[in-house]
């Protein structure tokens, strides 16, 4: 199994069936440097416009429609001392009439201390003088080419992954995407130094990273929506608006996963989910919202 | 400050401006025994039909419209060895076409071990032989009389509280409700031995409890939606459909709370929420869904 | 069958199980004068605060839970020369970020010509100099006491009717409400001189009316949501948020009506609805939105 | 100005920046034969799989991003004697728990009488013996290449048009799409012999047509969402889920259109819309729902 240091020559604002930038074997590892959400590199030079420029696509040998592409997020290292956010909550996350009283949305700069692994406002706001956050890296946007030869904006997401902006998609997490195109055609980019639930200011702390992922094909996996696994949990993702529909997708996928892989029928899976399920709101900002349906592994026995 | 052992003579399926069952002083403590969601008492005898029979209303001296009623959940002790759930996830939490394949919803009995403080299925389902949950008591439905003299079914919720079915409303949590009627008129009932996020089978483990709460008036509090505080967090509640609107209510309320009580302007509050907010889905089953917007107290300094 | 000229001594901001203001026989006719949405009478004198003060409740002899109350809207005559609207579209009907650019919402006065039966702005806005609308009276808010002894704000609506703000609820239309309380307890008020779909400025042209309705009991009708009939159509009402859920309620009710009363099974009813159904958006402003599912009578044969 | 008889050699399941199948001059007319939604031609031979195979793309000389492509639907002639529908309402348009009782969704054949211009079930269902509908042709799916080089499934829709399934998109209607790619790249297909509001069985009467459209470039038109004009009305389209968001898009676009082209400020436009707007539900079946915001031309004076 090979490790590829992948240096893109172009970036993409869509996830789709584009010509591969790299071909790798099943199980290979990729190290690559991502741009920030507006297309600046680690030196602050704009390489391309937004939204969310992607590195890729990476063609994984042996991946066919119906398979899953397993993506192990091995490491994420920030490559810049600054990130940016928008200064005000997005209009769609507060009561409509309250939008009238919002100040304008402006860009705000954050300082990333790559030694201390912390993130803070470059110019602390009044009342936030001591607001220093631990670095909590995550991939905002990644996935595989969607079905039908589609190419879809990196502003949004779907069954194929995309701009999910979910804070648990960081180092140590594994994600499975349903493969729809030969070679899977994997893309990634738009990494955040930290982000709250919902990405409610429309950004995390947007910056550049060196990301290490390992890509493996699982044959005939038959997932419809992305699956994930962290140290403690398994999870399924639903991407849609409104949140209600995202939750329906994620819950249906989890119910199917528990019945196919964990030896539970629908009643037993319902008993389990009813009392222990956890829902995370990935984003409520992008065109499609993201919900994760999460179950602690301690309750489960894989069959 | 007095402790009242409150034994209801009638129960209510609405929260509203009904004649007080008890009058107490500001700061008094109440101990009372609740029925389960279908109206059975600790001996399994049906006292009233559902939905969610309430103990109350309790008139708190000195509470006026515009105030907040502070409810400290001091203790919750189960009073029965059994609880019940519905056996299958609710139709509205999965993809519509997948509903065709759901088995029927039936009542399922759970055993509550009051010594070990655990909950398990009375007849373990295949694959769930070792599924033993720690008791995690919570109040499913509580609140104060809504505005305009309304009386609203305990199946649903609103600004006044109600059937929020949020798992963090357990012992150690404090909740503030916006007072709309003289005396606040506090109701409570519908307690659960444990419940996952969303109450997605339409129930937690429904059973009877002895509940101890302390009720205190805070004058001129001007909250619109319920506030809460746990050991680690402050939180605001939004109740509405779809989840998107519940989230808007909760986020607007938190933004207002941070600016009124925590010395942050809207930009600073946005910086904070954008990177550290957590959302919990209380319920996605009742007519109004519930979302909590939660912020860790470690990031906050009260002014 | 008697005609009652009903002069309320008090008005109500809720629809619920309040003491009857009038008792009538099954089939009697009521003539009554309504206040405007903010509680002014035909002389412009404020009698009560809003929202939507109701005349009633009227107890109809013989009406029991499970029955339907048939309400024939016989006549509506405006009783004042002015009405009012809000000057700007509501924040919730436009894109959230566009709300930042809305002017403030102010009260606007309209002139009602009771001879010519027209409505126009008292001070024409630039570009609307010739904007003269035909009077198109409708009842904004009416219905019967909801189940469980509830009393619900006239700002919203539900299975029992309420503030539906649907423009086809005018003279010549018949509406059936599901009875939940003995005597049905009928309320009405909040009439509009004219209104577009959705009530998107938050008002129609709000004014006072003399309204004539005939109230008849239909036994064991088993409707869940209101039914209606106009000269050309039958229709069912769904009240909920989001619009998607209101549409689900209205469509389910129509499907049930077609199968129970029109000799169609679900497949035949689906064939019919799929190709000829019409949906109207009653309101998208109130806490619960309203959708009507409408079918032309020319396609139907009552069994 | 030329008329092109366009015979595709391939069809597409996406709308996007594909190589043009035909290049035409600004103002030219196209006559072309469309497949049905599942890819059958007028002889019933399957040419390609679904969803909704498109004829195109047609490159229109002079069309640049920022322009509008004006599409006049000149004529639609059915080319086959049969169409098909699904036999049961879609699960997402009825109450979730009611889905359990739906019969299976099957294909149903309809007879199209091309002389009489009528449509009827091939095997009449009981109770629908006399159910004969006038032919009411419409284009289910058409539009231009979306921004960013995207290629999006013809199952859904967006700002660029797509699968809107709106019954007023028939002969005599003109539609304007916002151009995002050089040449606009126009696609069309998926025509229906008739369809109710909402496309609630998931289909209209799906069949093949000969369609005549005239394509004209309007420079610097700056629309965000599609515009339309019928004999009586102007209209704007919003495509999104839930319906609430589709309505927000359509209403915002209409508000902008009234202020840019009809001499009204936002207050005057609000006065107008508030009292005369009509909303149509295009579809509530596809991934993005469609709402039209419609205003009668009799109320408007173009500036």
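Order as written gives the chain letters A, B, C and D; numbering starts at 1 within each chain.
By definition in this document, a residue touches a chain if its C-beta (ideal position, glycine included) is under 8 Å from a C-beta of that chain, and two chains touch if they have at least 3 such contacts.
Here the structure is a predicted model, which is why all the values come from computation and not from measurement.
Number of steps on the shortest path from chain A to chain C, with steps defined by chain touch: 1. For the pair chain A and chain B, chains touching both partners: C, D.
Relative orientation of chain C with respect to chain D corresponds to a rotation of 180°, obtained by superposing CA atoms and rounded to a multiple of 5. Distance between chain B and chain C, defined via averaged C-alpha coordinates, is recorded as 34 Å. Separating the centre of chain B from that of chain D, both taken as means of CA atoms, is a distance of 47 Å. Chain B has residues 92, 96, 102, 241-242, 244 in contact with two or more other chains.
Contact residues on chain C toward chain D in their complex (touch as defined above): 85-89, 92-96, 98, 101-103, 108, 119, 121, 125-128, 131, 133, 194-201, 203-205, 241-244, 247-249, 251-252, 255, 262-268, 270-281, 284, 289, 299, 301.
Considering their complex, residues 90-92, 96-97, 99-100, 102, 242 of chain D touch chain B. Only residues 13-14, 16, 146-153, 240-242, 244-245 of chain C touch chain B when the two sit together in their complex.
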